[in-house]
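Below are two complexes that have chain A in common, paired first with chain B and then with chain C.
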Partner chain A sequence: MNENLFASFTTPTMTGLPIVILIIMFPSILFPSSNRLINNRLISIQQWLVQLTSKQMMTIHNNKGQTWTLMLMSLILFIGSTNLLGLLPHSFTPTTQLSMNLGMAIPLWAGTVFMGFRHKTKAALAHFLPQGTPIFLIPMLVIIETISLFIQPMALAVRLTANITAGHLLIHLIGGATLALMDISPSTALITFIILILLTILEFAVAMIQAYVFTLLVSLYLHDNT
Partner chain B sequence: MDVKIGELPSWKVMWDFTPKGIVGAFQRGYCCYYDKYEQVCQCEERGRCWGFYGAYVLFNYCLSCKELKCERPHKHHQGETSVDGAL
Partner chain C sequence: MLQSLIKNVWVPMKPYYTQVYQEIWAGMGLMGFIVYKIRSADKRSKALKGKIFASDGWGRKTPSYLFRTRRIPVLN
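Here is the complex of A and B:
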């Protein structure tokens, strides 16, 4: 039972070759680019969404922070599209892999921290000690702030992994329960089916929210360091 | 643009044989092809999207076929059925 529950999270292979790279690259097909002045509906909607998101996210930044706009917009589009594609039946979701999320979180967080230390060294070091701290608490608080700084990328990655994995597991469990109850008690199966529908709607929302939260937190770390 | 057979030589001389002209000719040809065959109606764009999703689901189903076989109910003995590995 345990093996079947987590079978959908194993990296997919085809004739022994890993095809996870193809699956990671697949969402890029869904964002066509166009060199026309007036585009078709799909591209116009996508461009409008990207402009809306970039305005909402990058307004708080100064000139230095706004150089990260392309990076952050690519990030939110990638995580959002990957999460949403993972809700299709039988599909593999790359963002359920902690390795991938750490691979995104650590370089982005490190980039913001190094940028802060390079351009605003005093302000970056000042983050390790909040203003108004009693003198006898200073050593302990510096240690706590250092730990909280290094936990940031771990929290970013684990938050995304746990949310997406938990949602997929719940869908798998409730779907299996609905299937098993269909022969035993159709009325109970109907209730579990309604719960499954509501859960799927929730998972669509979680997929988009988690992409937004990941990108927003990276944006906030950038704002603190620029 | 209608060209009569007798006017072909003079029409051919009118072509722009500079590199810019040749590139422009290919671009115009591709745009004519795109406008005539690819961008016929808006609904074709939506159909293409659903085709992608369907192909993606089918592709993933084929990959996970083996694991799914274990979850199917099958008969052990005559008259008895069991669900092996469900949940």
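Here is the complex of A and C:
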């Protein structure tokens, strides 16, 4: 049972070849690009959604920050679609792997930090000391702010990994419990099944919310540094 | 194929790859450095454990300090 629980999180191979790259590239097929002015329904809905999200997320930025619109929209689409596809039974979710999420978080966070130090060095250094700090607290607060800066990419990655992995594990456990209870007590199995349905609805929401939170936090770090 | 790749990908994305994402490339370099450090540390610790367990044939318990300090295995 223990091995079965974590078997869905191993990187998939087919006859010894890693197919995880194909799985990561798969969601891009679901977002066709088109050069037409008036598109079909699928592309029109997707473009409307992307426009809505980009307007909501990017209006707070100045010109420099808005150059990252493409990156942030790709990020939210990728994480959202990957998380949602992972809710299909027997599928592999790349965002359950910490390596993948660190690979997304570290370059983006470092990009925002380097941008801040390169273009607005004084303002970037000033972030290490909040305004109105008493003088005797300054050394401790600078240390705390430095630690909180370096924790940002770790928090980004671990938050996404933990949320998606925990959700999948819970679905696996409660599904297994429902199956086991069907022979013992059908009424309890029915209650567990209703819990499973509610949990699945929650996981759909979590999948989209985590994508939004990841992108929003990167956007906030960018706003601080531009 | 390379020509269509250049025409469809590189030409529209050139200002992004060359100007906008400069800091992100630097971040990717930082990430690659971190990955290299973690991989080499893992390789070194696995090699060290392999040497320690292979060389001691008398059933003695391996001293714990050998796992915590960096030691270069000596071939006799």
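Going forward, the second predicted complex is superposed on the first by the 226 of 226 C-alpha atoms of A that agree within 3 Å, B and C clash if a C-alpha of one lies under 4 Å from a C-alpha of the other, contacts with A are read in each partner's own complex, and residues count from 1 in each chain.
As a convention for this text, a contact is a pair of C-beta atoms (placed from the backbone, for glycine too) under 8 Å apart; a residue touches a chain by one contact, two chains touch by 3 or more.
Quantities reported herein were computed from a predicted structural model and do not represent experimental measurements.
Legend: residue contacts after superposition of the two complexes on their common chain; A:111 is shown touching chain C, with no touch to chain B.
When the two structures are aligned on the shared chain, A:179 is found in touch with chain B, with no touch to chain C. In the superposed model, A:30 makes contact with chain B only, not with chain C. In the superposed model, A:154 lies in contact with neither chain B nor chain C. By the touch criterion defined above, A:92 reaches chain B but does not reach chain C.
Looking at the shared chain after the overlay, A:70 reaches chain C, while chain B stays out of its contact range. With both structures placed on the common chain, the touch criterion links A:102 to chain C but leaves chain B unconnected.
Of all the residues in chain C, the ones that touch chain A in their complex are 16, 20-21, 23-24, 26-28, 30-31, 34. On the chain A side of its complex with chain B, the touching residues are 1, 4-5, 7-8, 12-14, 19, 26, 29-30, 40-42, 85, 88-92, 173, 176-177, 179-180. Only residues 67-68, 70-71, 102-103, 106-112, 114-115, 118 of chain A touch chain C when the two sit together in their complex.
The part of chain B that touches chain A in the complex is made up of residues 39, 42, 45-46, 49, 52-53, 56-57, 60-61, 63-64, 67, 70-71, 83, 85-87.
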